[in-house]
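Let me begin by handing over the structure; questions about it come next.
By written order: A, B, C and D. Residues from 1 in each chain.
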Amino acid sequence: MIKAGIIGATGYAGGELVRLLLGHKEVEIVWYGSKSYVNQRYADVYRNMFQIVDEKCLDDNMEELAQQADVIFTATPQGYCASLINEAILSKTKVVDLSADFRIKDVSVYEKWYGIEHKSPQYIEEAVYGLCEINREDVKRARLVANPGCYTTCSILTAYPLVKQGLIDTDTLIIDAKSGTSGAGRGAKVPNLFCEVNENIKAYGVATHRHTPEIEEQLGYAAGKEIVLNFTPHLVPMNRGILVTAYAKLKKDAQGRLPSCEEIKAVYDRYYGSERFVRVLDQGVCPETKWVEGSNYTDIGFVIDERTERIIMMGALDNLVKGAAGQAVQNMNLMFGLEESEGLAVAPMFP
Amino acid sequence: MIKAGIIGATGYAGGELVRLLLGHKEVEIVWYGSKSYVNQRYADVYRNMFQIVDEKCLDDNMEELAQQADVIFTATPQGYCASLINEAILSKTKVVDLSADFRIKDVSVYEKWYGIEHKSPQYIEEAVYGLCEINREDVKRARLVANPGCYTTCSILTAYPLVKQGLIDTDTLIIDAKSGTSGAGRGAKVPNLFCEVNENIKAYGVATHRHTPEIEEQLGYAAGKEIVLNFTPHLVPMNRGILVTAYAKLKKDAQGRLPSCEEIKAVYDRYYGSERFVRVLDQGVCPETKWVEGSNYTDIGFVIDERTERIIMMGALDNLVKGAAGQAVQNMNLMFGLEESEGLAVAPMFP
Amino acid sequence: MIKAGIIGATGYAGGELVRLLLGHKEVEIVWYGSKSYVNQRYADVYRNMFQIVDEKCLDDNMEELAQQADVIFTATPQGYCASLINEAILSKTKVVDLSADFRIKDVSVYEKWYGIEHKSPQYIEEAVYGLCEINREDVKRARLVANPGCYTTCSILTAYPLVKQGLIDTDTLIIDAKSGTSGAGRGAKVPNLFCEVNENIKAYGVATHRHTPEIEEQLGYAAGKEIVLNFTPHLVPMNRGILVTAYAKLKKDAQGRLPSCEEIKAVYDRYYGSERFVRVLDQGVCPETKWVEGSNYTDIGFVIDERTERIIMMGALDNLVKGAAGQAVQNMNLMFGLEESEGLAVAPMFP
Amino acid sequence: MIKAGIIGATGYAGGELVRLLLGHKEVEIVWYGSKSYVNQRYADVYRNMFQIVDEKCLDDNMEELAQQADVIFTATPQGYCASLINEAILSKTKVVDLSADFRIKDVSVYEKWYGIEHKSPQYIEEAVYGLCEINREDVKRARLVANPGCYTTCSILTAYPLVKQGLIDTDTLIIDAKSGTSGAGRGAKVPNLFCEVNENIKAYGVATHRHTPEIEEQLGYAAGKEIVLNFTPHLVPMNRGILVTAYAKLKKDAQGRLPSCEEIKAVYDRYYGSERFVRVLDQGVCPETKWVEGSNYTDIGFVIDERTERIIMMGALDNLVKGAAGQAVQNMNLMFGLEESEGLAVAPMFP
């Protein structure tokens, strides 16, 4: 049994990690870390876990945790993991960081968008960006994985094959994203109260959201050149789910012809046809967040608009699963040589 | 592998049955029955099952199905199962009926409340009322199980120990129940449209809801006498979940003393302490539907009001799981000698 | 023009008061009081009021406010109004207190249920309980009105005629109430976050909710004797609305006969037939919160269950309107000799 | 008093028209038309109107209605109004058509996108496109007004000033829109059931939605040239509200300089500064649908992204008010020489 420790186990992503790891037959959770609820029973914080989890919440102590755990998940605010990580820890245990600390290779970009100093830039190079479908082999060898953001995972997976194949003009790429409210975390803030979110939709972080440079960097690798794009997140009155609607001009071939639906579909299938957790929908089918709820799937669809010569790419995932905890487990599975889908092979829940 | 067939696989309860059976390691679904979607791919009806279920929907043919399946689940309208069942079928296969056809022992009560003639009353006596926590041994030996209703399961489990122990005055028992909208089914009706249900709560079927006689009959067995009670269902703007709030006068002992919280708690613990799927909450904790969502648990709590000498008993479950498909699987597990929790041992999902 | 001042204008009830008074042709708001947002533009707190309200929020200063305003509304936490009120203020201005400070005549009951000392018990006797349909004439002469609670208004109006007429056994009265989340206020607390409330229902304050003694006192006046009852509030995932489902045994006449539906309906009609804001629904129609949203109406319906000899009385209102701000305006209209429905004559909004 | 008749009074837009006209002091509704509910009491269909509207629903009879009414509102399916309108009717009464029949000047475009033959193309030229803020003077003189679509009103108002001033490159214009579910109407369809919409978001009608040519035509007039753009609607789990997020490249001036925020704000203010129902938000404030709920306002905000040289324009309105019934009343007010805001001067409702 792999011994797993979680720092930040009482946030929504941490809670989802607990739920998923409890259903994982090769893992035992040895540490329910939560600075805010030290010494309280975990099941008193998340009552869904009554009679399932008996442990109490423990204070953060990464040194001690490294002794006890084979893998540490940090589901903590930005800057926290970077401030604690060191060689002693990494020599004893593997780390999957669900924060942004090791996602961006250029430390100045990180510091600019996040507004904080990076406390252990020496590990940025080593850290593997844990988008399994793209970096699978590197994840297998990693001791430090930077688990991608929720919006990021959805945005990248949706656009990646067409960017990589050079089928779209990346200068025209616009990503309009919609997220359920669990993405805003469990902090007690007026804008996240039920009555403020319910019966409402709004954009936020327009042109300034921190997932922007992460998407740009990863799609830039695929394109082989720098990408600058628009990313606009919206808050939707639902608990879970991210939907990405991405727009870009299709490139024409030498004869001035746009690619056909069949050609685009074939490209998606080539990239994802053998992927367990990415489902390329039938032509004309648009993804819906409800169809992936509770699961590790990302559903992808697209429509070509001949009139504007643009393609509308759409992707949907559960922000707490493939967008956070599920992907973290998928990464862990790869790092430990387990079946990639172990603990994640559940069908989405509907309705 | 147990071969399972589902009639009514495209209703919400049928869909949940598919989800649960797919995660059951001893079962294979051999028949996705749906009169309304014959020959359509199941995954085109429920897109969460895309790339998970490849089968098409089949028309109803219980004779043929009895040849192929070891167990048939009927998630069909009232009267349907009773109109099809016969000795030939029951001699070849086991049946778990999710409709009300075999729940009520007195056929005249059934016919009065449901307003239809019962087509196979000869099997009512044999049928076992599949509330596993109460009729476990009988279920093990059954070939025909009447799977309890959603409101019913929640109401009975909540009140049963105190009724059985004679601690409450059953003449004063009032059950006020609240349900998510999936209980209303997937039929296209104006009152179930999003805009009609959202931002709204109402009572319905007041004094006439069909789950009333079922609750009365089962609690009557526990009390050893006839029970007549009030049951009022309400429609709540959420997908899943039933909450029952039940009121009754506590009986006093010979010294005119009310039972204490500790005494009541001890009774609940005695009945449910070793039950996997009934959780008696700590004193003072009220159940919430969210804490059981997606799982087979029923959570139970209570408060004693010394001022009125009443006890307020509360129970919560997921109407599609413990209230329908999960209980059906639990019954199947018992009927086939499997571990009772097989396929059901998942933690509730939050948020 | 009547000059109105609001203390607590940035809570949900205060915000609703602003909305209603802006539509009132005899009133001008001269004071937007909010301790938490002093000096901030009101429309920056509630952006629905952008370009409608230009004023800034003012700190609490009841002495000063009494100079400027003809009427003061206090939409403040319990204890606050009682700590500020005095003869100087009441000699200059009228006060409608939306808190509980002057609702309960027995100060020891107030202090026990609210757990605070009452700072001006000398005004309790004078204060008029502002349930207009019952105390209309007293309200007209009042200088201090205790505006009823939201659950209370709905519960009392629903049961009042039958209690007053002695048609039900008040010892058996049980009130099961369901409320939208705006009733919980705008404070930033984890249990009121969107993800905690959405897709969830729970009871809370069971046997201890502070509206209990208020309901008991008022219905006690109607019955002419002390009433002790059960009141159980529930939190529903919607913004607005309260639904009350109340149960009681019907009394039989000398011939052992239960009252008929027609007789009960006639009683309700007698009490409310000429009331603008109480609608007695047609027989068999159950009230729904959605049908009164945004309006000052209370809808009332009932069902008689011959089997149990109980009546199920149901009432619905908008907790922020008839349950708070609307009733406060109705009281103000009476106090100033205006048309009772002035500023309140709007149809409910659907959907 | 202006006598108003409504055809299609029991759809959501028709119901909203009733609500608004009841609050209009110069109008009396003389005809509640509803083919589906002929002879049923209107208040039995929409119970919010109990004791407010006593009339029964009438069958469609436009000839007769033209005799009785000074203005007819048609809130009916596409093609219906065009099939009934004629000179006799228009000579007796004014018509505000809430369907798409007279919105598009090029009949072949209409017939292609709507897939139906236009039955009275002779009135297309005469009909005035009733976007009051743009065509106010023409509306005043009209006898037939084509009331704009909900998505359309929001999209056009949001982009209009910048298109008209030539500040954006219209070839790059992309409109990503999100709508509450009342926009889907009150028809009983599975995709609009509560459980299908709740906790879900999806795009639909991608590249094919019928509001596309309407937006293109109107913005084309502003630009003085043909515009082809992408328009993608999404279904959001809320009752009311449309949010538009529009993207376009800003044009640079001769010095290669982008316009500043102040310059853009000044343009919006110039166009809308004196408009009662369009609110240009302060810089950096993003519109939210909740802040306009129940009102006739459209809120507009924007962000300039220097990195991509794009502007993100955002607009929010209530699809049933400014997006349908409110705008219809605004048009009627203009047509009859009334105060433009009569019956519409209510503050938005929050929460």
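Rule of thumb we're sticking to: contacts are C-beta pairs under 8 Å (C-beta built on N, C-alpha and C of every residue); 3 or more make two chains touch, one makes a residue touch a chain.
Only a predicted model underlies this, so the values are computations on that prediction, with no experimental measurement involved.
Between the options B-D, B-C or A-B, which interface matches C-D on more than half of its contact pairs by residue number?
A-B
Please work out which of A-B and A-C is bridged by more C-beta pairs in contact, and write that pair.
When A-C is set beside A-B, the one with more contacts is A-B.
Could you put a whole-Å number on the gap between the CA centroids of subunit A and subunit D?
38
Could you tell me the distance, in whole angstrom, between the mean C-alpha positions of subunit A and subunit B?
37
Could you put a whole-Å number on the gap between the CA centroids of subunit A and subunit C?
About 46 Å separates the centre of subunit A from that of subunit C.
Which residue numbers or ranges of subunit A touch two or more of the other chains?
In subunit A, 12, 182, 195-196, 198-199, 237-240, 288, 290, 293, 351 touch at least two other chains.
Quick one: in the complex, what on subunit B touches subunit C?
Going through subunit B, the ones touching subunit C are 172, 174, 176, 178, 180, 195-196, 198-204, 206-207, 228-230, 232, 234, 236-241, 243, 245, 247, 286-290, 293, 303-305, 307-308, 310, 312, 314, 316, 351.
Would you mind writing out the residues of subunit C in touch with subunit A in their complex?
Residues in contact with subunit A: 12, 181-182, 186, 188-190, 192-199, 237-239.
Give the list of subunit A residues in touch with subunit B in this complex.
Residues 12, 15, 18-19, 22-23, 46-52, 182, 199, 239-240, 279, 281, 285, 288, 290-295, 299, 346-351 of subunit A touch subunit B in their complex.
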